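Take this structure first; my questions come after.
Chains here go by letter, A, B, C and D, matching the order in which they are written, and residues are numbered from 1 within each.
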Amino acid sequence: MLDRLSLAVDEREAVGVIGPNGAGKTTALNVMAGRLRPDRGAVVFDGRDVTAMPAHARCRAGIALTHQIPHPFEAMTVFENVLVGATHGGGRTERDAYAGCLAALEQTGLAARANTRAGTLTLLERKRLELARALATRPRVLLLDEIAGGLTEPEVLALVAVIRDVRAEGVAIVWIEHIVHALRSAVDRLVAIDFGRSLMDGPPDAVMASPEVQRVYLGIEP
Amino acid sequence: MAWLDTIVQGILLGGLYALFATGLSLTFGVMRLVNLAHGDFSILAAFIAVVAVQTLGLNPLLALALVVPVMAAVGYGLQRLVLNRLLGRGILPAVLVTFGLSIVIQNGLLEAFSADSRRLNPGGIETASLPLGGGLAVGWFPLLTFAVAVLLLVGLQILIGRSAVGRAFRATSDDGGTAALMGIDNDRLYALAMALSLAVVAIAGIFLGIRTTFTFSSGPDRLLFAFEAVIIGGLGSLWGTLVGGVILGVAQTTGARVSPGWGVLTGHLVFLAVLLLRPSGLFAKSRRVD
Amino acid sequence: MTLLRVRELSAFYGDFQALFGISLDVAEGETVAVIGANGAGKTTFLRALAGALPVPESAVAFDGRPVGGRPSPALVDLGLVLVPEGRKIFPSLSVRENLLVGAYRARPGPWTIERVYRLFPILGERREQPGTNLSGGEQQMLAIGRGLMANPRLLLVDEISLGLAPLVVKNLYRALEAVKAEGTTLLVVEQDVSQVLAVAQRVYCFRKGAVALEGAPARLTRERISAAYFGT
Amino acid sequence: MTLAVERTTRASRFGAGAAVLLVAGLVALPWTGDAGLMRVVIEFIALLVLAQMWNLLAGYAGLVSIGQQAYLGLGGYALIVLADDLGVNPFLAVPLAGLVAAGLALPTAALVFRFRDAYFAVGTWAVAEVYRLLIANTGALGRGTGRTLKAVFPLARETREQVTYAIAVVVGVAAIVAVYLYLRSRLGLGLMAVRDSESASESLGVDVFRTKLAVYLLAAFGTGTTGALIYLNLLRISPDAAFSINWTAYTIFIVVIGGIGTLEGPIVGTVVFFLLRELLADHGSWYMILLGALAVLAMMRYPQGLWGLVAERWDLRFFPVQRRVRLDEPPPA
C-alpha cells in the first residue's frame, strides 16, 4: 500500500495529507500510530525509533489517532470514553484525570453531553468524541483520519475551529482530509500522495494549484 | 511387529476422526461457525440408528440411508431457524447456543435411552479381519471406515473445487457481502453447509457405534477429537484434516499401548505440541486475515 | 423508456443519514454518471440500489416494478447488478472461478465467459491464477467481467478509477463502450471527472447525500462542477 | 466550570443497605443450627462465585471459555495436596489453592491465547481435559478414584461445618466486592473499553493483551478458590466430578439467563437456578434440558438476560460501575 513514503512533521507543526481514494493515506496514519507494521522503513518519534512499539505504547508516548469511522465505547458515557484516554493513554490516576477530561469535553463542545451513552450520539458528536478522547491522552502529535468526512458545512467549520485551537496549544497535527478548504484553513503544509508515494509537499496554496495535483486528485484536466 | 500393528490401527482410527472433523472444518470454513454440539449430533445419529435397527430390523449400515438424510434435514433446519439469526452478532451467541444445544441433546438422550451403553451390530463385519502376514491383521471394518473417509474427502474436494455450489461456498467464505451482490443467497448456502456437516457427522456417529460402545455423553469427546484433527491439519485444508485425524489416531493408539490410561491424553498432548510449535497447523492454507 | 427510476431515496447507516431524498432516472441503453467528492454518498447510493442497504420499496423502481429493499439475489435475477467499490475479488477463487461466480444465477444474454475473455484478453491468459494475483487494473477488469457474467440489464459500476493509473483508467472506459454497445445500460459512479464526462450522456453530481447538479456533460463547465463538488 | 463525579445511585444506596442486612443474616445463620440450610448457602455461594468469574471472562473480556472446570478441579486437588500432603492448615489452604490455580493459568494462557473466539472456547475445553487426564493418571492423586480430604478428620463435624460455612461467606462477599471494585477502578474502565471496542482501546493507550490476561488470571484464582471451597465441603474428590463440563454448563446457563455483562445478572441467575432445581428436583435430566433450552432462548431473544430486562424497564443498578458527572459553574467572585 505504501511505497517508500517519507513524511516528516516538526514539533507544533500542522500538516495536511491529501490524495485520491486508495492512495495509502489511512495506511500511512496506521503505520505512524503502530496499528500496522511497515515491511521496510522506520517510524521515528522525538528522535527515538518506535517502529517496533505497539499501538497502546505509542499512544502513551504521545502519538494519538482518531479513527475515520468513529468507534465510541458504546455502552459507556461520553465522560467515561474520555476518561479511558486520560487514564490509560495519559497515564494519570482517575482523580488527576478529571480536570483534563473536563478540558477536552469543553474544547470539543461535548461538556453538556458528558452523561450521555456514547452509543446514542450523532455522527458529529461521535467525531467530536474521537477528538476529545485523543486530546485527553495529552498527545504531542495528533493524527486525524478524515475527521470532517460526512459532516455538513457548518459542522466542518466548527470542527476546524477546534482543531486550530488544539494546534495553537502546541500539539503537532497530521490531518488526512478530502474537504480541501477545511484543510487549507488549518495546516501549515500540504502533502499530496498517490500510489503510496509523496507527490508534492509544500505550502497549501502551491500544492493545490499544481497541475499534477489537480489532475490526480480531482481528475480534472487543467 | 506389535508396534507396527499399533501404528496401523492408529492410522485407521484416524479415518474415523477425519469423518468427525470434516463437517466441523466445513462449517468453520464457510461461515466461521464452530458447532459445539457437533459431537452430540453424531451420537444423536447413532441413537436414531439404534431405533431404526430395533423397530425396522435394519442392518446399521443400511440405516445410514435413513439417518443421513434425516440429519441433513436437521442441519438445514437448525441453520435456517436458529443459527442464521445469530450470525453477525459476534462470537458469543453462536458459541453459547450450540453449547446449550449440546447439553440439551445429551440430557434428552439420557432421558430417552437411559445411561446404558449401546452398540450397533452390523452382523459380523465388525470382527472380521484381513491377515497381512507376519502376524499382522487389520479389521475389515476399520479399513472400510478409512476408505469411506477418503472417498468422502475426495467427493467433498470435487464438490468444493469444481461445482457451482462449491465456488459459492468459497466466495461466501471470502466475502459474504460481495457474494450476495453476485446473487448468492448466503443464508441458504450456510444451511446447505450445515446440512452437509451433519450428514457427514451422522456417518461418523454410526461408524463409531459399530466400532465401539457409546452412551448419551460420548459426544463432547468426539467434538474435541474433531477439533484437534482440524487444528493439527491446519484450517481450510481437507487433506490436512485427514492427516490431522491420522496423527491424532496414531498418538492415541501409541499412548494407549504404553499405558492404557494414556491413549486420549497422548492425543491431547500431541495436539498441544502442534499448537505450540506450529500454531497454524501442519497444512494450513495461508489465508489473508483482515 | 425509463429502466431505473429513483424517487426521494433516503438511506441510513444506523442512525446516521447518508442519503437525503435522491431522485434520479436512467433510460434503457443510456450511460449515466454520478460524480461527487468523497463522502458525498455515491457508494451508499449504489449499495442502496443493489439491495445491500434497507430502503423503502417505493423509492426504487426497476423496469416499472417497485424493487426497493429487495435482497441482492432477487435484484440480480431481474438484471440489476453492482460491480462494487474496491473490486472485491474473491481471493480463494481463480480468475475463471471469479467469473463463474458472477454467473451463479445468470440470465440469458450475450455475455459468456468466452465473450468476457474477448473483451479482456488478459483474463483469458491468466484464467487459472488466483484472482487477487492480478494487478489493480486487471482486477478491475475481472470485477467488471464478473458483473457482466450475470447478463445484467443495468450494470452499476462503483469507482472504476480507484487507485489506478490514468492510462489504465482510459482502457477500462474504452471497454465500457463495448459493454454499452451490447445494449447494457450503465450507471457509473466516479471521482475521476474527466473520464466520465466523455462516456456519460447525463451526469448527476452528489454533495452531502443529495443531488447538487444534474445535466448533460456539454452543459457542465469545470467551474460549475467544482462548485458542486466542494460547495465553494 | 468544575466537575464532580457521582458514583452511587439511589438503588445502590438501597442495595448497600440490603447487602449489609443480607450479610448480617448470613453471619447469624450458624446460630440457628440449620446445617441443611448452611449447606445450601455454601452451594449457592460457590455457584455464584463461579458465575461471577465466568461473567468477568465472557461478559467483559470477550474470553468465552468453556474450560473453567480446569481451575475448579485444580483448586480442589490443590486443597487436598496442600492440606493432606504438605500439612498446610486446610482452611488456610483454600485461598492458597486459588493461587495454585492462578499460577497454572499463566502457562495455560500461553497456549490458549493462541486461539481466538470460538476456537478459544474449544481450546480451553481441551486443556481442561488434559488436566483431568493427567490427574486421573497420577498415582499420588488417587488416579480415577480420586482422594478424600483427611486433614479435617480430627475436627468435630460441627466445627468443620461452621468454619467451612464462614469461609464460604467470606469467599462470596470478597468475590463480589473484588469484582465490583475492579470494575469501578481504572483497570475496570479499561476492561469495559476493551469490551466495547478493542481497536479504539489500543488507540487510547489500553494494553488489550494485559487487560485480558489479568482477567483470565483473576478468574482462575476465583474459580480455583471456589473449587477448594466445594471440596472442603464435599471432602471427596474425583477427576471426573471435579473436571466435569457440567460445572461450566451450570455457570454459563446462570450467567446467560440472569444477564451477561452485569454484576447483578449472575446473582439473579443463581437464584433462578436454585428455584428451578427445587421445582424440578424429581425430574432428573429434564432440569438440564429446561435450563439449556432457557439459555438458548435467552441468547436468541433476550441476550441481555432477566436482569437486563428489569434494569432497562426500571433503570435499576444496584452495583453501579458508571460515573455520573455534575458540572457546576464556579460561584461568582
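The rule is simple: contacts are C-beta pairs under 8 Å (C-beta built on N, C-alpha and C of every residue); 3 or more make two chains touch, one makes a residue touch a chain.
Treat the numbers as computed from the prediction; the structure is a model and nothing was measured.
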What's the overlap between the neighbours of chain A and those of chain D? none
Which chains are in contact with both chain B and chain D? none
Outermost chain relative to chain B, judged by CA means, is A
So the centre of each chain is just the mean of its C-alpha atoms; given that, what is the distance between chain B and chain C in Å? 43
How many angstrom between the C-alpha centroids of chain B and chain A? 49
Measure off the straight-line distance from the CA centroid of chain C to the CA centroid of chain D, and report it in whole Å. 54
I'd like to verify one number: the distance from the centre of chain A to the centre of chain C, where each centre is the average of its C-alpha atoms, in whole angstrom. 32
Building nodes from the protein chains and edges from chain pairs that touch, which of line, ring, star, complete or other describes the result? ring
Chain-chain contacts as defined at top: A-C, A-D, B-C, B-D
Please name which positions on chain D make contact with chain A in the complex. 1-3, 5, 185-186, 189-190, 192-193, 195-197, 199-208, 322-325, 327
If we count contacts the way the header does, which residues on chain B are in touch with chain C in the complex? 164, 167-168, 170-171, 173-175, 177-185, 287-288
Mind listing the chain A positions that touch chain C in their complex? 20-23, 120, 122-123, 146, 149-150, 152-153, 178-181, 195, 215, 218-221
Which positions of chain D touch chain B when the two form their complex? 58, 62, 64, 66, 111, 114, 117-119, 121-123, 125-127, 129-130, 133-134, 136-137, 143-144, 245, 249, 252-253, 256, 260, 284-286, 288-289, 291-293, 295-296, 299-300, 303
Seen from chain C, its contact residues with chain B in the complex are 50-52, 71-73, 76-77, 81-82, 84, 88, 90-93, 97, 100-102, 104-105, 146, 150
